[in-house]
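Report on the following structure.
A, B, C and D are the chain letters, set down in written order, and residue numbers restart from 1 in every chain.
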Amino acid sequence: MSKRHLLALFNDFDEAVAAIAELRAANIKGFNMDDLILKSPIEHPEVELVLGDKPVNVQWFTLIGACTGALLAFFLVSGAQANFFAQIKGGKPIVPLPPNFVLTYEMFILGGVFITILGFLICAALPAKRSALYSAKVSEDQIGILVKGDESAVAAFKAIFTKHKALEIQEEAGK
Amino acid sequence: MSITNLLTNWSDFRQQHPSAAHPHREYKWAMSIDLDSCTGCNACSVACYAENNLPVVGKEKFAHGHSHHWMRIERYWDNDGREFADQGAQFLPMLCQHCESAPCETVCPVGATNHTADGLNSQVYNRCVGSRYCNANCPYKVRYFNWYNYPTTENVWPEPMNQQLNPDLSVRSKGVMEKCTFCVQRLRASMNDARTQGRLVIDGEVQTACQQVCPTGAITFGNLVDPSAKVGKQWKQQQVDLNIDKQPKDAEEKAAKLRGYRILEELRTYPSVMYLEQLRESAV
Amino acid sequence: MEKDIREDIAWAQINKDVLKSLESPRRLYWVILLIALAMIGVAVGSEIYQYTTGMGVSNKNNSHVWSLYIATFIFWIGMSHSGTLLSAILHLMHADWRKPIYRFAEAMTTFSLMTAGLFVMVHLGRLWQVYYVMPYPNERWVWPNFQSPLVWDMFAIATYLSSSVLFLYVGMIPDLAICRDNIHAGWRKKLYTIMSLGWEGTDRQWRNFRITYLTIACFLIPLAVSVHSIVASDFAMSNMPGWHVTSFPPYFVAGALYSGCAAIITLFIILRYVFRFEEYMTLPIMKKLVRLTFAIAMVWTYLNLIEFASVWYGHDQTAKDQLIFKATGPYAPYFWAMIFFGSILPLMLAFKRFQTHLPILFVVSILLNVGMWLERWMIISPSFAHGHYPWTWDHDQWPSLVQWGIVFGSFGWFTLLFMVFCKVFPSVSMYEVKEMVYHRTLALKHKPAVKGDY
Amino acid sequence: MIENSFNRRNFLKVLGWGGATAALSGCGNTSVEDGKEFVTSYVETADYIIPSIGTYFNSTCAQCDAGCGIMGRVREGRVLKLEGNPKASINNGKMCGLGQAGVQAHYNPDRIREPLLRNGDRGEAITWEKALGLINEKVGGVNAENIAFLTGVVSGHDKALLKNYLDALGSGHHYVYEAVAPSVIRAANKKAYGVEMPRLRLDKAKVIVSFGADFLGAWVSPVHFSQQYARFRKPDSGERGVLVQVESKMTLTGANADRWLAIRPGTEGILALGLINALAAAGLSVPGDVAAAVGGYTSERVSKDTGVSAEHIGKLAALLKERSPSLIIAGSAAEGYAHGSQNAAAIALLNQILGNVGQTVEAPSSTPFPQMAPTTGNRLALQSLNDNMAQDKVKVLFSYGTNPVFTAPATMKLKENLKKVPFKVVFAHYMDETAVEADLVLPLNSAMEDWATVIPEYVAEGAQLNIRQPLMEKLYPGTLGLGDILLGLLKYRRPDEYNGFEDFYSYLRNAMVTNKDALGGASKDGDTFWEAALSHGGVKMVGEPVNLSGNVSATTLVVPAPFVEDATYPLHLIPAVSASMRDGRNANEPWLQESPDPLTTIVWDSWVEMHPKTAAKLGIVEGDIVEVASKSGAMKAQAYVFTGIHPDVISVPLGYGHDAMGRYAKGVGANAFKILDPVFDKETGELAMHETRVKVTKAGKRVIIVKDEGPAGGNQMGRKIAVRLTSNKVNLSEEV
């Protein structure tokens, strides 16, 4: 069964939140709340109240990245130094810990940052093609709600959106 | 593989130097300079120019502090406000001290300067990138930088002066740090000879250029590990221990003082050059 | 009290105002750009001369091996710390007045690091072998010397540069999407389309974005501190009198934040004037910034005094001699100028009437940075001139025109990068200004606090 | 050192070819790829030649007249470095910086490469045949009386050949000129001890009092004396010798003295007599006539005249009495006055009173071949030549080993007088000031390319003949040695005698081998003897010890009262002879120019030393360009202020201020020879070098002196760098 996309733009965030709440409450057939995407010009952490807590997994990437960076650094540096067991420098041990900790620390951060970014891209599914229904207004000052549902649900969507003073409702061109 | 190596030899890798527990095995090149014999004649310095292909930089560059004298004679006065320098001057031949715990080594970003197994502070010209950090960290300021490309500079080695260059060591190009090597080319030659004959280098078999030329024999050079070497005997007699930064003899009150000392020892560089204090007669 | 920003400002107006700054520049822009290019030309010419002739033309010498290059290197590294301060530290502290001004500060971080990196290379005697400093696998298993603070520098700066570029970029993605949505043709469209990675502002994107931004900010703060501590270790780890000081790392970090803040004030005033950003870069924000600068100036002054006092109180005669030399020798005019610009002049910032007087602030902020540059020079040159070994003291070394030329050109390089940035990327964070307005509006409405960080 | 027998000349040729190519490909700008050169591999080298391993050949240093034995390190046909010959009794394997720089004289880019004949202002290259033919023609055209041969110190076979040539010409004049030689001392020694240069045993002395003799720096045989000095300072007994230096300007030796006494210039004799008086007072037995003669020299008077405090005189006399033997040396500072001979005699008397003659002043050996004994030079010789030239008595002038145009004081007008000589032949290494004036310039081999024998004036033990042999093939085919030139000239005059010798080498070898019995080779065959002599660097000869006489008469001794002040020229000028520059002949060797002067650490320039008091009086600070004006001329140089000089004295180093010679010498510093006043020693007629009175004025400019010393000067700033201790705190005999 084919699905249709619908984008509604709102001026007011509170209205958009209300619209979402109503969508959830309406329990429209052929529509899953997971298929709702909120688009906003700024971050609205409040939406979690209506969209529900969604897990964020970037931190795991950070942890792995940072640990990998640190381990890599320490073993790279110490291993490289161990190759030169005949080259004493300044009377210090061949594998001197303080400098290696400094480098480990730096690489810990480097690994952390890099893999965090990687994690961000993966978790946020970026880079991506923009969805067909996109309005530049969303990056300006309007809130967009993108829903995906069965053809049958379209009318229900429209009703709810209009009720909540949607400025504009865009429909995907039929396939 | 280095990681295996690392894990196997961890305790060795964590060893500090210098330490009495891990002495040098076969060789530890060291020097002693008797300031009472040194007359400040500069022969050692010129010999070093001849042996080590040091460029003559000329007046203008000398004025800018670009001179290359691995062996330089410093001249100090001790007037204390008297009208005349009536006890003469104090001459001090200053060269790389080949510190056991050399401050220059740790700071080189590319590891161009290292401590060798025979106790030299080596400088790898090919590896040097010219950060000059080693010089910055050298308390004696005995490292000399190639500020210009001397081999191609006019009147440094004009034809046929270049034929005098010693082929046993390289001519350094611009951007490279250099310093006294204890005439490493001579050391290596005689160590190789000795090795092919299955023995160690005998005391006196190898001389540094400055030692060889010194008219008063103020410079003694040799293997500190070798019990028969004069340099080792001198160090021992003067109670200067390579491995400690504060010689116990300095704390003791003695009727007859010992003359041996190392310069800026308190910086814990553990220099390999011992100086013997200059003497002056009090009866005149 | 005046407001940091008007809450009734239209969001579309924000977009419009900021995007306006990306429009084709006026003639003056090109003139300044040409001047910057000419300055770079001077530096490039000097560097070519130095590269082909030898480091000697910079008029350093065997007992005075470092000079302006390293001093200016530290200066630029120091300058970079302001971006981190504003974007990361203040971000974690929820100081939302940072929002209109952090973007250009972050850009400044990146570009001053890029400038500083050049000095590392310019400084090398054998620039063509610079890759020896990097740990790259090779047949001979030769590695850099990991004990050297310069290698730590290399690691730290590489980490810092790449992290702050990523931080700048990640933070800019929503704005790039705005640019993409509002510019419809030309290379800019392509650039913004590619760089915005298809950002749509979905809840999922925002959610991950927030945690990412926060995480990197958390990393950046210790990183920034470590970078300048490591730069300080170049000196503190060595045994030169005047360098071998325990308090150097915090001293350097304070100095870095200080000079960075001063530079932000300068650029703040310029951008406010040039792009007519009066609505965003407001005087109350300036006031906060100036107060912050003042506080850091006092921290720096304190650390400076601590350094002097500990040397004075200690038993290291060599270091004491060095300090006396600095204050009374041939470098005394520069030393006292540094004290004046760095410690006395910022006292002005304590007075309210100056805190928003932009012309005065403009001049003062530049002078503060002159003072900070002098500070770096006063760390390097007098120490070399009067080190451990009296025979090699060198009191009359004066940097040659080649050195001055390259230092001069570095400002052109920074200007060029910054000017190009301002015309290609939004120098005010639009989405965050919107956030700021939004949250202040919410606060005005006395809305109950909502879940989340706000 | 090569002990086996081989054909040396062939060897050098092979080595030279291979060596030259190797040298070029190693260091030159041409390369094999350019096709500009051939590469000759070492297919057939002598079996002791291992590429990349240095081979050592012994020879004799020619950098000064001390005649040290040297050992040249030769690799791939190039001489790389000079070491001291350990078998040489003079220097025992040691060398000085000046000697080291010999290779730079050899490889000097400014060497003359072919004979040059004057054509207007230019020198035109000609062949040796033409050059020698021209000389022969010129000397044939004039009376032998009108031929003058001016040389530096000559000895050995060169001297013999030269004498033969002059004889062949019908006895021309031979002038031996040394610009800075101790010629007054030689005369005084001759009078006091019966020999010009007795052996001084520094190593035996317990106290040395040196009146301005810079025996560690530039006096007579510094490398030899330095070694003796080391043993004097640290004898086996552990009783460290005491050195007291009395002079007005600190020399290198003065800088090493236990006590450096700044004395008013010219009063050295008074101090010597005062010391005798003090010794007599202290109970030393002194002959009656001497005691009577010195009776007036009370320590108050001496102290007043000399400026040396009575306390120091007393201490010194006590030390001399207590520690015996001692050694009193008269040096250039004592001899450089109009009464220099008296000063030297008074000092010799002190030596004699102390009983040092025969103890630390020893007899030298005579040379069995007097015709090869060194002819030492003096400044009087140049004076006489100059007079003769002024009177047009010289028609053909040869000059070898000297540079009189540079070293003659301006008052002599030597350059003008030279122009009166119709034909001037100069044997030269560089186009120096004298060569520039020449009509014919004959380029000499360097000491590293030349054959010669040398008998040094000061021989450490016995009698010896040093050999100078080529260390490598000639750099330029157009140069010749003095021996070869003389031989070539002699072949014109005495073809029967000399045509049999292909070159000087065959002459020399023949002469040596013929006389091998007297040269210590009686038991060997000719070839063995020759090879042994070469590998040793010389031969020992059996010399008769000369008896020393010790009879300085005190009655004839008249030491004049100290100077009266001259209001116009208030200061004394001491022209200093530095260890590197000497009389200026080595100024074109860059190592020496860049080797800092030991006391001032100045490089690449001359300077005017003065005491801080003098400087303060004149308002001068370091680096001021000052004009030093004497009655005879003026020069400008930078001022250097330090306390190693008497306030009545200023000092300028000699050897700088060349206006020709080469790229490293030309234009460096100012020539102090030029402003010397024509004052002469009353007994010998020698130019009194220290008698010039000058005034010093600021010339207005100030420069930063180029020197090694930093802004801290000689101050250690409280660091423990160069440490000094009083000698009674140390037990030297325990030391290794």
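One rule holds in what follows: contacts are C-beta pairs under 8 Å (C-beta built on N, C-alpha and C of every residue); 3 or more make two chains touch, one makes a residue touch a chain.
All values reported here derive from a predicted model rather than from experimental measurement.
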{"item": "Shared interface partners, meaning chains that touch chain A and chain D", "value": "B, C"}
{"item": "Shared interface partners, meaning chains that touch chain B and chain D", "value": "C"}
{"item": "Centroid comparison with chain B (C-alpha atoms), farthest chain", "value": "A"}
{"item": "Comparison of A-C and C-D (more C-beta pairs in contact)", "value": "A-C"}
{"item": "Innermost chain, where centres are averages of C-alpha coordinates", "value": "B"}
{"item": "Inter-chain centre distance, chain A versus chain B - centres from mean C-alpha coordinates, in Å", "value": "62"}
{"item": "Between chain C and chain A, distance of the C-alpha-averaged centres to the nearest whole Å", "value": "30"}
{"item": "Between chain B and chain C, centroid-to-centroid distance (C-alpha), Å", "value": "43"}
{"item": "Shared-contact residues (touching 2 or more other chains) in chain C", "value": "63, 141, 143, 145, 147-148, 151, 388-389, 391-392, 394"}
{"item": "Junction residues of chain D, two or more chains touched", "value": "704, 709, 715-716, 719, 721"}
{"item": "Touching two or more other chains - residue numbers and ranges from chain B", "value": "2, 67, 74, 103, 106-108, 111, 264"}
{"item": "Chains grouped in pairs wherever the two touch, ordered by label", "value": "A-B, A-C, B-C, B-D, C-D"}
{"item": "Contact footprint of chain D on chain C as seen in their complex", "value": "63, 317-318, 321, 388-396"}
{"item": "Chain B-facing residues of chain C, complex", "value": "53-56, 59-66, 123-127, 129-130, 132-133, 141-145, 147-151, 154, 234, 237-240, 384, 387-389, 391-392, 394, 397"}
{"item": "Chain B residues within the chain A interface of the complex", "value": "2-3, 5-6, 9-10, 12-18, 99-108, 111, 113-117, 270"}
{"item": "Residues of chain A defined as touching chain C within the complex", "value": "37-49, 51, 54, 56, 58-59, 62, 76-77, 80-81, 83-84, 89-90, 92, 96, 99-100, 102-103, 105-107, 109-110, 112-114, 116-117, 119-121, 123-131, 134, 136, 138-141, 144, 146"}
{"item": "Complex contact set, residues of chain B against chain D", "value": "34-37, 39-43, 45-47, 49-51, 56-59, 62-63, 67, 69, 72-79, 82-92, 155, 157-168, 209, 212-218, 230, 233-234, 237-238, 256-259, 261, 263-264, 275-284"}
